[in-house]
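Right after this note come the structures.
Shared between the two complexes below is chain A, which has chain B as its partner in the first and chain C in the second.
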Partner chain A sequence: MAMASKAGRWNQRRLAPWLFLAPGLFMFGVYVLWPIVQSISLSFYDWDGLYNRDGEFTGRFVGMGNYAELMRDPAFETSLWNNLKWLVLYMLALPIGLFIAIFLNQTVTGIRLYKSLFFFPFVISQVVVGLMFSWFYAPNFGLFYLLTESIFGRGTAILADPELVTYGIIAAGLWPQIAYVMILYLTGLNNVAPDQIEAARLDGAKGWRMLWYVVLPQLRPATFIAVIVTVIGALRSFDLVSIMTNGGPFGSSRVLSYYMFEMALGEYGFRMGYGAAIAVVLFLIMMVFISGFIWKMWRDERER
Partner chain B sequence: MFPRPIQQFSAPAQWLYTIALPIALVIWLFPLLGVALTSLRPASDLAQGNYFGMPSGIAWENYVFIFTQTPIGKYMVNSLWVTIPTVIGAVSLSLMTGFALAVYGFRANILVFFMFVAGNFVPFQILMVPVRDMTLQLGMYNTWYGLALFHIAFQTGFCTLFMRNFIKALPYELIEAARVEGVTEWRIFWYIVLPLMRPAIAALSVLVFTFIWNDFFWATVLTQGVDSQPITAGLSSLNGQWIAQWHLVSAGSILAALPPVAMFFLMQKHFIAGLTLGAVK
Partner chain C sequence: MVHKMTGALALGAALMLSTSAFAQDKRVVTWNADYDPIPLAAAEALIADFEAANPEIDIQLTNFDHEGYKNAIRNFLTANPPDLANWYAANRMRPFVEAGLFADISDVWADNGLMEALASSVPSSTIDGKQYAIPYTYYQWGIYYNRDAYAAAGVEAPGPEGVSWDQFLANCEKFAAAGIDCVTTGSSALWPVAGIFDYVSLRTNGYEFHSDLAAGKVSWTSPEARAVFENLGKLQPFVTRNHAAIDWQDAAALFVQGKAANYVMGNFAVGVFKEGGMTNDNLGFMVFPEITAGIARAEEAPTDTIHLTSGAKNPEDAKTFLAYMASAEAQSKWNAAVGQLPTNKNATVDPADPFLTAGFEALSTATGGIAQFWDRDADAEYAKAGMEGFQQFLVQPEQLEAILGRLEQTRLRIYPQ
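Here is the complex of A and B:
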């Protein structure tokens, strides 16, 4: 009797995790994992997104055709370059966010409110951020336009300038991203070991040297998360491009995420297979960073 | 503490800091302040080119206008219809997955865990065509539940990461002791672990609320038109109609920003705990 119940308990403990996982795994499998597989296979087809009268898939297998076309597509090249600009310039969020965090890491009256208000841009939807910056950049009366007019004598309508437009959008994206990085560093600074700082101070370390040799090494976990969320933020840049320029002028502010959407659901017709191929490229780029993240997590797990 | 506390500096330096704080804040929030002020500026001011001078009055009518003459109220209700079920769904699912991954040492554990984490970082575009197609096939295109189901599934990745780490940090002896007493696994989850999860549930609820309220991409891909579009997509299409009527665009923007901002202010501590992922405790 006792044996049987012990075995029952053991079986229960083997089965339990899978029962707890089942609903979550099912949803995640259906909506995330399986679509990735489908998208990859779809990228070898030419498909307009429709089914014939019998409900059959109407795609035509084209092998590497979509990818070969991508190689020759100037719009794809522009998007790729712009993605690179996003990635590189988005990293500015780290030093700026750290700077603001250091600036705000004091205990004066009302500082809590200041910290929250500095964090505001991150809480707001990117759609709203995009509209705010469009207003800021607006030709003729926008503050940015007036500012450039007073300095150079001629105003710059940054969102209408094919050379500058991407930088204008990236600046808008940096605003909430800096706020996010700032909050990560503020939390990190809160946990810097005070005794180490004091010891270093007694040794005569201050300013930059203190920051570089004593504080930054202790902020490493915060920096790691900040890099990850910033890279993902840069590669996910869809909302701002869509709201501020629709990829224009003349397609010069396209990024991969936006170009993919344009190809699959936009005015260029429903080129699902071609869109899927763009998505696969974006996915592969992201995978480089995801693997790095997972590798680091795996190492940390083993150390525990 | 780094940097050195300002109280240890000379009096002029302290003064300088006290003055620098509000100035820096105004510069930092400039786009937000400008838009907030524009939303209360009468249309006639803008027509006369008075964008930044003294407004001739406070125009609450801008807000009245967008509520009575545009479907913005409906868009906001639609957003709630997507957001609230998503919060409930994603938090419930991830409580269970997080529990499974934190408490049981089965062989595929780490693999399943990393799969959730990795899935969470995938670009939306790789999911777009199949998810849209599936939603259409199931007759859920343009419905709140079609959108909410996707969000629940996707957010489960991030929420599982969070819940699992939270449960891992709980004292494992509690669970051991209950097992010795012969408590079943489900009851351990329900009566021992769940009551301890309140802070994690609060943190994830505010975060997921904000993420979903602010989502634009999936709103565009899975909904269309006034009946089911959430506020982000709605605002974008209204923006197309209100070409250069900045007092209206501004009022709409402020309205769309309000719920997450309120949520953040009410639940600040939880919000930040969630965002820092517990990685920088």
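Here is the complex of A and C:
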């Protein structure tokens, strides 16, 4: 009897976690892992997305053909470069967000209102942000166009200029991203230990030195999250490109996520395999950052 | 019977419809379409006429949102095919024909004498010698001009026969001096630039060459293709600056306001021009000027079509309806309501509409041939690469060599020699 109940308890201890995990694992398997496997296998086919009358798959196996084509595709190269621009410039959201957070981290009447106003761009949809900025840049009547016209005598239509268009869209994307980073830092600043600030002040620390040596180290968790969300935000920058330019003019503002959509589901696309190959490349790039994130989390857990 | 719905709802609702229809003693023909309100009303009127003449048949039209339809058709043709589906002629229908999803309707053509009546649309409805489409409407492209802008720049407005190419370019100089854009377009969606390119190409080398170019048969670095870009280059300085950032409707606003004088567009834009306040008095139409003398004039007229699906449950009655849609009577009525041109040569056109009359005249005298439009004549992927090249050339003409090189590379990849 004693042995049996011991075995039962042992079983319980081994089984219970898996039972609790089962719904989550099931969902994760069906909605995350399986699509990944499908996309990867689809990327080895040339398929226009149609099944024939009998419901049979009409794709043709091409092996690494799609990837070989990607290597020679100038549009893919443009998209990669633009993704890099997004990654680098999106990082500006961190210092600017931190600056605004510090600026707003004070007790003045109505500060809650100011904070929510600064947070506002993150609350509205990216589509709305994209539309507002395309009107802002619009040739002939846009505020930005009229401004440059009054200064230089000749207006600059950012979204028509292949050199400037990506920067124009990144600026639009930064607006909500800064608000997001700001809110992360604001909550972080709440947790800064007042006694350490006090002690630093007694030791004569002020201004930059105070920020760099006392405040920032305590904000490390917030910084870490902010970097991760900014990297991911930069890599999945699809909506703004789609709303503001459709990847144009002549494809100069494409990013990988948009190019993938264009190839797989766009009006002139329906090259499912090629789109899947782009998705796989994007996935691998994201994996670099995500693995770093997971590795750091794992290390932190172990240190505890 | 007409039901309006959009997107995902439509599929489920269509299923419910087909069950409810069994209650009636009529033979049902289902038809999926993507009409805007005016064409939809015109289609409803045709259905009413058809059902009055054929009381035993019930046509059930399911209308989709226009943009959503492009994706929906790929699903419903395999998952739950209606009897009839709207689509487009030439290369746009090729994927569905090759996947065996559109049915061969050569018998409808043969039995109703359509080879004769729809003569101008035979090539665009035919793949490998068989007909897969009933073309029921098209519309002309050409140059729409604003007489007020011509007057403001002190340029004599052209007559219905148009002007010569040299005269057109000379006019452009005068417009430029007056601060008016000679030619406007809005190419953020790419396709409007293809209209300009197509016409310059058709006028420079003629229909055959243009059609071969769209089919990937000739090189972009050939002297003929270079000649097209040379002529396009003459027009380039006079095209609205920043066209790459605006929609065709934004360019229509410039045109209506008299900030631009000419607009290379399809006849569907007339409605937009008139909503903007233009009338038959200050809006004019002319065919694109002749460039190379002696080339038979070809025109652009994209054709809309109806197809019988391979999974049709009631193909016999569906074919009866297709024959009706091909008839002069039905086409006269539908096109009069929508303001487009019938493809049946025995159909009539509203004589009070100067643009339709001019278009009908231009198309019926186009001895060179009727092109469908770049993105319907060329394979989808090739079409997109081409349009990006045309847009880039109109923004950065100095990049010509790079553009031609890239287009040629794309051609060799898609059409291995």
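The criterion applied here is as follows: the second predicted complex is superposed on the first by the 279 of 304 C-alpha atoms of A that agree within 3 Å, B and C clash if a C-alpha of one lies under 4 Å from a C-alpha of the other, contacts with A are read in each partner's own complex, and residues count from 1 in each chain.
As a convention for this text, a residue touches a chain if its C-beta (ideal position, glycine included) is under 8 Å from a C-beta of that chain, and two chains touch if they have at least 3 such contacts.
Keep in mind that this is a model prediction, so the values were computed, not measured.
Q: Quick check on the superposed pair: does A:208 touch chain B, chain C, both, or neither? Answer first, second, both or neither.
A: neither
Q: So, A:249: does it touch chain B (first), chain C (second), both, or neither?
A: second
Q: Looking at A:139, would you say it contacts chain B, chain C, both, or neither? Reply first, second, both or neither.
A: Touch partner of A:139: chain C, not chain B.
Q: On chain A, which partner touches more residues: chain B or chain C?
A: Of chain B and chain C, more residues of chain A lie in contact with B.
Q: Have a look at where A:162 lands relative to chain B and chain C in the superposition and call it first, second, both or neither.
A: In the superposition, A:162 contacts chain C only.
Q: Check the residue A:152 against both partner chains and state whether it touches chain B (first), chain C (second), both, or neither.
A: Neither: A:152 stays clear of chain B and chain C.
Q: Between chain B and chain C, whom does A:265 touch in the aligned arrangement: first, second, both, or neither?
A: A:265 contacts both chain B and chain C.
Q: Just checking: does A:52 make contact with chain B only, chain C only, both, or neither of them? Give me first, second, both or neither.
A: After superposition on chain A, A:52 lies in contact with chain C alone.
Q: Where on chain A do the contacts with chain B and the contacts with chain C coincide?
A: Looking at chain A, the two contact sets intersect at 49, 138, 265.
Q: Write out the stretch or stretches of chain A touching chain C in their complex.
A: 48-53, 55, 58, 69, 74, 137-140, 157-160, 162, 245-246, 248-251, 265, 267-271
Q: Taking the complex as given, what residues does chain C use to touch chain A?
A: Those residues of chain C that touch chain A are 70-71, 74, 77-78, 95-96, 99-101, 187-190, 241-246, 250, 254, 310-311, 375, 380-381, 383-384, 388-389, 391-392, 395-396, 406, 413.
Q: Give the list of chain B residues in touch with chain A in this complex.
A: Spelled out, the residues of chain B in touch with chain A are 1-7, 17-18, 21, 24-25, 28-32, 34-35, 38, 49, 51-52, 93-94, 96-97, 99-101, 103-104, 106, 109-110, 112, 114-119, 121-134, 149-150, 152-154, 156-157, 160, 182, 184-186, 189, 210, 213-214, 216-217, 220-221, 232, 235-236, 239, 244, 246, 249-250, 253, 256-257, 260-261, 263-265, 268, 272, 275-277, 279-281.
Q: List the residues on chain A that touch chain B in their complex, please.
A: 9, 12-14, 16-18, 20-21, 23-25, 27-28, 30-36, 38-40, 42, 49, 100, 102-103, 105-108, 114, 116-121, 123-129, 131-133, 135-136, 138, 141, 143, 175, 180, 183-184, 187-189, 191-192, 194, 197, 201, 206, 210-211, 214-215, 221-222, 224-225, 228, 232, 235-236, 238-239, 242-243, 256-257, 260-261, 264-265, 272, 275-276, 278-280, 282-283, 286, 289-290, 293-294, 297-298, 301
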